[in-house]
Amino acid sequence: MADFDLVIREGRVGTAAESFVCDVGVRGGRIAALGHELGKGEHEINARGRLVLPGGIDGHCHLAQPLPDGSEMADGFDTGTLSAACGGTTTVVPFAFQNRGQSIRAAVNDYHALANGRAYVDYAFHLIVTDPTPSALGQELPALIADGYTSFKIYMTYDALKLNDRQILDVLWLARRERAMTMVHCENHDVIAWFTERLETLGRSAPKYHAVSRPSVGEGEATQRAVSYAELLEVPILVVHVSSREAADEIRRAQSRGLRIFAETCPQYLFLTASDLDLPGRDGARCICSPPPRDKSHHAAIWTGLANGTFAVFSSDHSPFSMTAPRGKLIHGADAPFWKIPNGIPGLETRLPLLLSEGVLKGRISLEQFVALTATNCARIYGIPRKGSIAIGADADIVVWNTDREVRIGNDMLHHAADYTPYEGMVVSAWPDVVLSRGEVMVEGGKPLVGPGRGQFLRCDRPEPARPMDLGTGPAMH
Amino acid sequence: MADFDLVIREGRVGTAAESFVCDVGVRGGRIAALGHELGKGEHEINARGRLVLPGGIDGHCHLAQPLPDGSEMADGFDTGTLSAACGGTTTVVPFAFQNRGQSIRAAVNDYHALANGRAYVDYAFHLIVTDPTPSALGQELPALIADGYTSFKIYMTYDALKLNDRQILDVLWLARRERAMTMVHCENHDVIAWFTERLETLGRSAPKYHAVSRPSVGEGEATQRAVSYAELLEVPILVVHVSSREAADEIRRAQSRGLRIFAETCPQYLFLTASDLDLPGRDGARCICSPPPRDKSHHAAIWTGLANGTFAVFSSDHSPFSMTAPRGKLIHGADAPFWKIPNGIPGLETRLPLLLSEGVLKGRISLEQFVALTATNCARIYGIPRKGSIAIGADADIVVWNTDREVRIGNDMLHHAADYTPYEGMVVSAWPDVVLSRGEVMVEGGKPLVGPGRGQFLRCDRPEPARPMDLGTGPAMH
Amino acid sequence: MADFDLVIREGRVGTAAESFVCDVGVRGGRIAALGHELGKGEHEINARGRLVLPGGIDGHCHLAQPLPDGSEMADGFDTGTLSAACGGTTTVVPFAFQNRGQSIRAAVNDYHALANGRAYVDYAFHLIVTDPTPSALGQELPALIADGYTSFKIYMTYDALKLNDRQILDVLWLARRERAMTMVHCENHDVIAWFTERLETLGRSAPKYHAVSRPSVGEGEATQRAVSYAELLEVPILVVHVSSREAADEIRRAQSRGLRIFAETCPQYLFLTASDLDLPGRDGARCICSPPPRDKSHHAAIWTGLANGTFAVFSSDHSPFSMTAPRGKLIHGADAPFWKIPNGIPGLETRLPLLLSEGVLKGRISLEQFVALTATNCARIYGIPRKGSIAIGADADIVVWNTDREVRIGNDMLHHAADYTPYEGMVVSAWPDVVLSRGEVMVEGGKPLVGPGRGQFLRCDRPEPARPMDLGTGPAMH
Amino acid sequence: MADFDLVIREGRVGTAAESFVCDVGVRGGRIAALGHELGKGEHEINARGRLVLPGGIDGHCHLAQPLPDGSEMADGFDTGTLSAACGGTTTVVPFAFQNRGQSIRAAVNDYHALANGRAYVDYAFHLIVTDPTPSALGQELPALIADGYTSFKIYMTYDALKLNDRQILDVLWLARRERAMTMVHCENHDVIAWFTERLETLGRSAPKYHAVSRPSVGEGEATQRAVSYAELLEVPILVVHVSSREAADEIRRAQSRGLRIFAETCPQYLFLTASDLDLPGRDGARCICSPPPRDKSHHAAIWTGLANGTFAVFSSDHSPFSMTAPRGKLIHGADAPFWKIPNGIPGLETRLPLLLSEGVLKGRISLEQFVALTATNCARIYGIPRKGSIAIGADADIVVWNTDREVRIGNDMLHHAADYTPYEGMVVSAWPDVVLSRGEVMVEGGKPLVGPGRGQFLRCDRPEPARPMDLGTGPAMH
């Protein structure tokens, strides 16, 4: 009789703290043992010479999310999570989106219906709060947090999504009381609206003007504003998808004075530039996302922030729209102005290969930082149970990586349903060989071995770091 | 026959550049000559051993301004400008206030009616823009600017006054096009509203909570936001009445990276603290103003900013309400909560003695900085013609200062109509001996010699420094 | 037959990445397995409800180090490492000190003689380079680095120790070429000498003037200087025993712009103040160390730096001199001026309890940060093999911590040979229950179970992070 | 009988505070009156439509200075001051250089001998202190300061000139006690020596490597160090010839926290780049000066510093060596390595036209800033009596500027004795029409009208701003 259901032999196991060569023993879907010369496994994988890392967590991706303008995401939970798995990501945290006027609980129920039976990998939900009514703040959210939905995203821009600043304060105050984590999309709404209107007046509607309409100074401004609110209410926040030097600088400045401000960035802010929006016809629409890709000097700032710890999380912000789908990128016509083009790019499958290859293998960040950025920190900050590390008792979500061959990225090799990848033609030196979820081999040699529906919903704990910052500033208020 | 109408003999004449001993010859109300042993004057003043400085300009004071809540300022143009004159201020720039729905031109006309025949000293008007409609921006303001109303103030807080951020961008864009100067009251409205509501809920309504409701972090936030908008549209602004280290730091940071951001501070941010609001009964109401007085560490930051050039202007923000008047500080009752107490303190008469005494005589700033901060810079930044310096051709608005005697400030010696001064009991070592306006002796030995109505309205030029900042950042937009 | 030599059951195992409850199996002195329900151990420890952490590494301590002025450290390798063990530290890295004129190899040999047969715990050596002759730089150091002495400390102050700046550049250039790690004692020598001379002239020689003679501005200056040299030569350094806000700020600034600057701090900069030097008689001599203890505002800055990642290492800088020993603190007489009092305080045994108690248990840092700061980072930065984590293959240097009882620190309970502890009377809530070195129980219930001589010398690897910083700045030079 | 010796009619008179159109009346070599329609002058100049500015003060120029390596400056007091006058500079402050071992008084006497009877314009002396012996500090310097030599320059680099840091502290302490002004050449000596040696080893000796050998990080480092010493001793300093972003940033940082740190920059840091050293043969030697010219990004930082007040003084650092003179740039041979090429460029005559044209006329700085930077501030900071402004009682050192014609700079039009100008071919839009010294027309239409020897020596006052900075930091020391 075997000692383990599965043993992964002699790979280099990496955690956020270190790496070492050992066997990994899996039992009942969990990591049961780490050791040398572990007993037999029913199934065994020889990982000698390869990296054995925790499966990635994508803490920021959009799947099957209903959109106010009628456009439709290319990926539901099926193709989205399959794509995730094939790229080495074994947990996703997409968003249950509250339409204004809707109860958040109803949004969660709707979203469960979309996920149920379709996911390949495990998933938790962030809540998108667009309508923080007294009952939402007073009853629904506390109950939802208690039920395992412990993080929510709020927007400082988009007409259909944004909260005003008073509402932001209300939400942060709730987050403080309930020890939840608030993710903030920091771009200055009025700046975008003003610039867009002006560009429209000037007849400048091509995709490249999308980047002009969302200047980095506006991102820095909104970041500073969100930081100020977090400082005033002494509550941590996480600034999502940071794209610019200005925003990174504000975050660093806040951390330097001791505030608990977390930050996330994404591949598009390392590998795409504003000039990727400047293509013939509407081809530039492919890389329209928000914040927009910037330029090389911003890339350098983002790499620095990854290396020096400014960023805690590296996510995809996967938000896939096909160019050719009727309700895709060009839903509003082949000549649609940039402000009518759905925002977002696909990226679930390419996130980890890009960062492992360009970050770790090129010496910009360490292997430990990679693990922390793509898995461990995300689990901690959002309270995702049993995920994010190769540790005893953790779910056996594990990826065996091949870092010895070159892979030229092409959309035909990817598993999402979008009809393009913005990284077409890039060559990376890392790709998952074997991907395990709860001990089950999901992908081997690039080939999916399982079907949809095996992914399970994850109730999250209150995030550990969400305790209030004690700055001693506000006795009168607290 | 005399060579001059007036000669001031052998005083130490100070400008923003230097000081030197000479005679000042006045003819036709203007400074006609500076020199040694000038010819005879019909009238002569012996200023030997005394300072001869340009009359102060108070670039920020409120006189006879109608208030949405029915409260009434203690000073109209008569007592207000008399008080100014007696304190060494010979030009005031109060505010023509646009009620929402009202045309700005109408507000200007109304305000002229209030000033006409009442002022002791010359005056220009800033406009307060509360309703930047297309016609206000497109027609009225350009015409008013051309007519000599070249600066306007906008508010980021107060329900009855605030612009939203989109409107702020509109106003700044106009200011850029028309080369006008925009003054911004930078406090975060939502923060104040949120804290006030919470304090109300907690039953904390005493005057001291006024300071709690307007935290310095909120002032810093709003300052940074206004700076970002100025940076985006490449247009100078002036941040008024800076009270805190956070706001001063944001301004300095902006200046350090080359932005043309001007800033103003006031005596209350050097000499009053939040604890002045914490008095028995409603006595704390006397020092309620916005931003509120802070504490000693903020005072130090403000002094540093005066000494190192962060601040360009030192004004009073005179906004007088009597404690005992029926429509004064306690219009809403002896137990009115802090949010129903009119904001503002009197300060026109004490501004210059306080800064000359505590700043120059104590070695914190130079005499030249005093002149620049209290007169010259103000004239330049707002385009006030012929004012702000002892220079050939300038109006003979001149103060001969006594810096050899101690004066204990008391409300009984002041000429405003407010029934208190927040500086009661402070001892200063400087007080005006002689105050001249356009060559006429208005005050001598503390005694007014003229009557109301001699003050004239001043049409302002477009401010010199209002040219756009050329940062080369925005070809697509401009 | 047992599966393991030792099994530690069901403790909460902590690494720099996470913590989880599991068994730890030890075989042949190494950690052989982590898992649930591991097989039997010949010896077993029940750790349920207790923390199981890697044994501390003290990367900065002085033992039996010969001193130029004839004074004598209280601890040799015997009492020093016993004290370390009893405080939960299982690896020490003291210093092999090169006297000027001496070959470094000879210094290493001498130091081995002092350590050999005396140490309780394992040890590596840093080299102290005081005489970087061409042969030292060209032959000796490369050979020593290859032999496992991969880090060295240099001094910017002390007449007998300091390098001049040219020599510092030479040493950093060598460190870059050989991928070694340079530790820098950053205090400005000329400032100290100048202030000391002046204090002597003024007759101010009491211990409290020690702190006056070493102002924090001088520490900040030297830190910035060392950082500049590291930046120019694109090589990492580690700034040791940072005591002040100024120095911490310089380090943070360097890290913020992407430089690989590591930093260390010590308990004395969190728990002692300059006023601890201001005691009757010469009692203040007890807390004389360099840099000196500062004040509460500096403590706050150091805590912030621990929490936000500015500091990588937390060490003791143990440097023990007895007050009553003839060659101890008062070797130069009961009235010796501060500049003749040997610098240093004991701290090996109290380091970990203080930080675990005040840092982790009071919520200022996380448990993972504690492990990283006290063990894991040190092993990485100095290349100490098999130490610093509870990981498969690592040496079984493990501490089982009790965090449930209060311990009042007193010198009588400590195992060093110094006759005082600066922390006398402080109460901590954490103390080691069991301390293992390579699987052997060294200490149990506060009682040492082993004798001297079992500690082994550790040859270090070239530190992983010592690769040159690629800033692209210097093609002409490199 | 005329009222004045000279009247300049109706020019636009500029001061550091403002500009206005008036007549200037001169009597006895001094400015006796400013006014409209002044009485007759024996001599009259019609300045209508032209700028009437104070003659420039060049606070940093080297004339006839003996050099340790035997090289010889192209200009003595005759050609140097003639060149100054023709470029609109009416006061120069060159350096009396102390050879080590020499008394400073002797150096002053020697230097007077060189100046006496040769100067065209008035002059004061800075002292260069290279040997701060106890008698120099205790007797000579206090006596010299009392005699009107109130500023001295010290060097942080050059073997023959540099002080060590202890000596710098001694000199600053003296400056504090005696209220003198210390100018500091801030470059890190050891960095330069180390890089130079390494370049020599690599065989890289062409002029272009001069810039490589003096990296901007080393300038920033030395600046920060000097600032730290000024901060510790609470005494102002002036950092000379700032060339780089790093140094400008350090200065700004110091000013921002309230320190009285003054700074100077020069034309070569706005208009020359490191690539001007990369010319065929030894032509690059022409632009060798220290600090070296940097690149465009540094230019931008310097312009920002001029505009926002970081810099107080704009000087030439005129230090002329001819390319063809036997003891000029190539004294050590046509193939001399860069480290044997005398440092310095000529610039006395071009300084003001360059800044007026590129700075004021192109809108980067105001006319008032120009006057402050080139004349007024220099007079204040160094205590130069009666110079630096158009003010009553000031010496009538006045320049009437033509800003309406284009002038192409060529060495043949300049009056220095150097055989080249680094600005050959640059076109400026401003050139002096008339230059007056103490009321005498020295230059008219570019033509000198006077001979050598009329320039007078100026005893300086203790600089006003040299009062100690009161930071309250050091009661124990002061």
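Note that the chains take the letters A, B, C and D in the order they are written out, and that residue 1 is the start of every chain.
In the analysis below, a residue touches a chain if its C-beta (ideal position, glycine included) is under 8 Å from a C-beta of that chain, and two chains touch if they have at least 3 such contacts.
Bear in mind that the values here come from a model prediction, so they are computed numbers and not experimental data.
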| field | Per Cα centroids, the chain farthest from chain B | value | C
| remark: Rounded to the nearest Å, the gap between Cα centres of chain B and chain C is 57
| remark: Here the gap between chain C and chain D, centre to centre from mean Cα coordinates and rounded to Å, is 50
| message | Rounded to a whole Å, what is the gap between the Cα centroids of chain A and chain C? | response | 39
| said: Under the stated touch criterion, can you name all the chain pairs that qualify? | reply: A-B, A-C, B-D, C-D
| Contacting residues of chain C [partner chain D, same complex] | 164-166, 168-170, 188-191, 193-195, 198-199, 204, 209, 212, 215, 217-218, 220-221, 224-225, 228-229, 231-232, 473-474, 476-477
| request: Would you mind writing out the residues of chain C in touch with chain A in their complex? | output: 13, 15-18, 20-22, 25, 32-36, 38, 252, 255-258, 304, 307-309, 363, 366, 368, 371-372, 376, 380, 388-389, 391-394, 464-465, 467, 470
